[in-house]
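Labels for the chains are A, B, C and D, by order of writing; each one numbers its residues from 1.
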Amino acid sequence: MTPTAPIAQKPRTDVNPVRIYTLRIDGRDVSGREDETILTVARQNGIFIPTLCHLDGLAERGACRLCIVEIQGSPKLFAACVTLVKQDMDVITDSARIRDYRRKILELIFSERNHVCAVCVVNGNCELQDLAVKLGMTHVRYDYLNPPQSVDASHPRFSLDHNRCVLCLRCIRVCKDIEGASTWDISGRGIHARIISDLNQPWGESETCTGCGKCVQVCPTGALSEKGKSVAEMTKRPQFLPYLQMMRKEAEI
Amino acid sequence: MTPATASPALSSPSLSPATPDKRLRIIDRTMRLHGYASHALIETLHAVQEAFGYLEPDLMRYVAGRLKVPLSRVYAVATFYHFFTLKPPGEHTCVLCKGTACYISGTAEIFRKVEEMLGIHAGETTADGKISLMTARCLGACGLAPAGVFDGTVVGNLTLDTVVNKLQAWRSHDADHRESAGDRENRNRCR
Amino acid sequence: MTLTIENLQEIAKTETDAVESYRYRINVCMAAGCLSCRSDVVKASLEEEIRRQGKEKACLVRGVGCLGLCAVGPLIDISPLNVTYQAVQPSDAPEIIGSLTGAPVSRLLLPADQPFFSRQKKIVLENCGIIEPERIESYIAAGGYEALYQALRQMSPRQVIDEVTASGLRGRGGAGFPTGLKWTTVYKARQAVKYVVCNADEGDPGAFMDRSVLESDPHRVIEGMAIAGYAVGASRGYIYVRAEYPLAVERLRRAIKQAKRLGVLGENIFNTPFAFDIQLRLGAGAFVCGEETALIASIEGRLGRPRPRPPFPAEFGLWGCPTLINNVETLANIAPIVRRGGGWFAGIGTEKSKGTKVFALAGKINNTGLIEVPMGTTLREIVFDIGGGIPAGRRFKAVQTGGPSGGCVPEQFLDMPVDYDSLREVGAIMGSGGMIVMDDGACMVDVAKFFMEFCMSESCGKCAPCRVGTTQLFGILERITAGDGSIEDIDTLKELCDLVGATSLCGLGQTAPNPVKSTLRYFENEYTAHVRRHHCEAGVCAMGKAREATT
Amino acid sequence: MSPPTTKTRIATIWLDGCSGCHMSLLDIDARLAAVAGSIDLVFSPLVDTRTYPQNVDVCFIEGAASSGEDVEKLHLIRRNTRQVVAFGDCAVTGNVPGMRNRFALREVLTRSYLENATHQPRIPDRDIPHLFERVRPVHAFIDVEMFLPGCPPAADAIFEVLSALLEGRPPDLAGRARFG
């Protein structure tokens, strides 16, 4: 990942200047700004931590729990995407215990909906599929829940397949924070949580959707996809996000 | 049920002329009391449900426009919280408590029988619109377990017989029976 | 007009004189428990009867809060005769009024030496069943708002916090975090705007302490909040209360209105620069909103989904401002602590758990109802002495504490003193104070399934381990209770419990496996009986549906 | 190794699947010839054996378990086989056959044999195995030593597993196998 360039800020005199901490990640000495997360600093240093709900350019949620790490001296686990670095922190991103938990969490996610890669529009271009390989998940030991989910193909250009949704909520965040339309939200809760547009209308009948397609580009799986593309062409381009954010900050100054 | 001024566009929150519906005024008052702030959403939905018995889509749309909250968020909040219902309630409402004390004292069994008898599940209303069956997480009436709420009145120490009798009485009640406004209000409050 | 201590004392005197001018004061319990047994009708018929017998000058009928022993409501209490009647019916009114001058009505009499009453020590509940919850004068006559006066006029915020710290009070909502420490954190925050939030979203199934306090003594909570506001530097408070408690909501609304009219809420309270205002927010049926960050989101009108902490609400809470969140019972302890000093409070209870605790006794126990005992009272005392033991000659099996985050405490720990730490040691938690007693008719696998169903449907769905993990756990428990489980299922249960507990985002998910863990710890034989022999000893689970897949 | 032969006794079987994994197996092409000398294909849709033999070293199971017959076969295989490989996505996850799980079995049968039938609509019910309400992966019924995902698994991956088994080392599937 590219390190995020420090943004020019007006000098502040009312608080202490921004601190830089030194810490250890997997035994390596690294440094991070006080407002940077373990995930950011790890990636700056080429240390891999798996993520699913995280996406550069979107607000963090700390929800998928795949980025859990250990911090020496604490029995608890921490989500790297929402834990800020601290001086002398000793982070372990890869241990037998963490690997085991991550794989099990991924198995849970696979068991939740109907993830049939073989017939999925993003087969081969899917973050979930890739994670299974990266985390060494060869099979799911939990029962598949096989919920009766539906497909919403009412939008002229895009379609929504709830069978493939992992509830990372990237679509909701990009629509609210970047596009500013807030077309998406989530209905219900727990295992019944589901992505909805407006008042749970078919996407094609949404009054607020601008059709910008950002949600489709950030979706890690085949839940949101473009119509009329073949499986091989179905690549997602979420890279626009950090760029958009940078340009907006630029415009503010 | 639906107010005549249904479906005001998002952009024109002023699109609510003096309507004859008193219930709509209650909702307006709640929003005004909170300065039409978006954080009044849950309070306003409470007011909607109290006035109308459920959250009707056009009313959600109305509230969204007035409070400047996205439609999707109104729907999200309305479905996240189990107190809210998007379906009109039946003439009578039977709430059975499924709290721990009630469970230990056998509500599960009563509940199974009632579902069987009415042919509906929790959260549903019988086809004739007579009876809605609900469950409560805990009424806080654990001392009287098993407990339930029948049209707004908490009843403790339930047995299968008392519940069945009560439901039977509702069912066989003549169609000319009209509940008073007070009954309805009471019921909504306690649901 | 600003309220002075003289005004307060005058109100108290007028009220006391008015009440005492009656020869007989009949207190009728008007909390939800007795109300559901039509105590309002009982009250009306008593009043009617007094009129009929022409005793209006001698008898006063008052609607008071919870008298505690919900099992035998409606309860009425007659002073100064010191007589308590149980299961009173409207038709009993003539006899009761007629007997005031003579012998009490023996068939209704509740034995005066009931351990249920004599073994308790009341701090939080000191006014319950004694004052009229709907009248502020009645609270003031019982010494109400004196502590607020004392705090505002005679103590600095720092001193108030010191008293709370010295009292050793720990949060009564479940986790037992030291209250003084929490207050200090918010006090130290630099921002100008701060909030105090009272968590009255009592969501544990089987717990009704907070409801009773709010219904019986709402001003006590308001006073506690105002003192907290003064101590931490907040001028606004919210009470987040369950919409499922209509009576509590109504009484709180009324109480806030009265407090504002009198001037114990509002600007320049007791002629000091301190201002404090309280608003009510209704919960809407989401257990997860008991979690602090979710509760804050809900007050802000959003979805009650927890967010990762830190930052903690004490630094970054409601609308980004430092926010103190305490539950009802914690706040109800504040006024007495200020009035009588932290040292007094610290003298009650055990070394690490000070004061008293209110418990809601329910389930298979004779005296269901509300009790308050010093920390460290043994389970045996609570269940068998105060609670009157198990009905119908059945055997005690376990007591479930802490609701869906708690665990089951089996018979061998009956002599354990009940406090935060010893409960945790045996795999349960104090929680908010619900105690569900189970006899040998309860199947522990079924109990675990009940709680898992609760956690599954109350999971907010944000983080994957809790959302899917609780669903998987429930599925396995359902299979086992249907007689279709396998021995491997028990291993998968243990493994998932560990996963969900270790990796979930918030407290709800982290503690969701507790009921399964604790029943596995003490009753694993019941699990194995279900899977190996397809046998449910308690006879609760309907076994025998053949497992389709194994042919 | 078992006494009668020093060759590794290999079986393959095809449960609820499309036989695509077996096609992929054949895609190993010329390399198959290289290992042919060290293996003995004792049971397979590709050879003419009726009963599953005893003392099998490795069995590749293609397809999900959808019926009583499938499970009977699985138990038989497990009893007679040292190492079981879940061969392809259907065996590993349920995959396409499992897509019917979100419907009731009755609905599925009605749809295929009644509504969509062009000739003599009738749900077959005689002399056929009992269909399960839900399709499940192989490991839901028996222990599995190795999982080889893919729809179908790449010939490369299959060959790697095969050679690893013959050489008695764990296979290295990095970059060679994934779901789908």
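Operating definition for what follows: a contact is a pair of C-beta atoms (placed from the backbone, for glycine too) under 8 Å apart; a residue touches a chain by one contact, two chains touch by 3 or more.
A quick note: this is a predicted structure, and the numbers were derived from the prediction, not measured.
Engineer: Look at all chain centres (mean of CA atoms) and spot the one farthest from the centre of chain C.
Structural biologist: Chain D.
Engineer: Could you tell me which pair, B-C or A-D, is linked by more C-beta pairs in contact?
Structural biologist: When the contacts at A-D and B-C are counted, B-C has more.
Engineer: Report the inter-centroid distance (CA atoms only) between chain B and chain D in whole Å.
Structural biologist: Going by mean C-alpha positions, chain B sits 53 Å from chain D.
Engineer: Give, as an integer number of Å, the spacing between the C-alpha centres of chain D and chain A.
Structural biologist: So the centre of chain A lies 35 Å away from the centre of chain D.
Engineer: State, to the nearest whole Å, the distance from the C-alpha centre of chain B to the C-alpha centre of chain C.
Structural biologist: Here the centre of chain C sits 25 Å away from the centre of chain B.
Engineer: Where the CA atoms of chain C average out and where those of chain D average out, how many Å apart are those spots?
Structural biologist: Going by mean C-alpha positions, chain C sits 58 Å from chain D.
Engineer: Please output the residue numbers of chain B that touch at least 2 other chains, ranges allowed.
Structural biologist: 73, 76, 80
Engineer: Counting only residues that touch at least 2 other chains, which ones in chain D make the list?
Structural biologist: 134, 136, 140
Engineer: For chain A, which residues are shared contacts with two or more other chains?
Structural biologist: 141, 143, 186, 188-189
Engineer: Show which residues of chain B lie in contact with chain A when the two form their complex.
Structural biologist: 10, 57, 60-61, 70-76, 79-80
Engineer: Taking the complex as given, what residues does chain C use to touch chain B?
Structural biologist: 32-33, 35-37, 70-71, 73, 202-208, 211-212, 243-246, 281-287, 298-304, 360-364, 368-370, 400, 403, 434, 436, 438, 442, 447, 450-451, 454, 458, 460
Engineer: Can you list the chain A residues touching chain D in their complex?
Structural biologist: Checking each residue of chain A against chain D gives 110, 114-120, 123-124, 126, 129-130, 132-133, 138-141, 143-144, 146-149.
Engineer: For chain A, which residues are in contact with chain C within the complex?
Structural biologist: Touch residues, chain A against chain C: 61-65, 68, 77, 79, 82-83, 101, 104-105, 108-109, 111-112, 141-143, 145, 166-167, 186, 188-193.
Engineer: Would you mind writing out the residues of chain B in touch with chain C in their complex?
Structural biologist: Listed in rising order, the residues are 37-43, 45-46, 69, 73, 76-77, 80-84, 98-101, 103-105, 136-145, 147, 153-156, 189-190.
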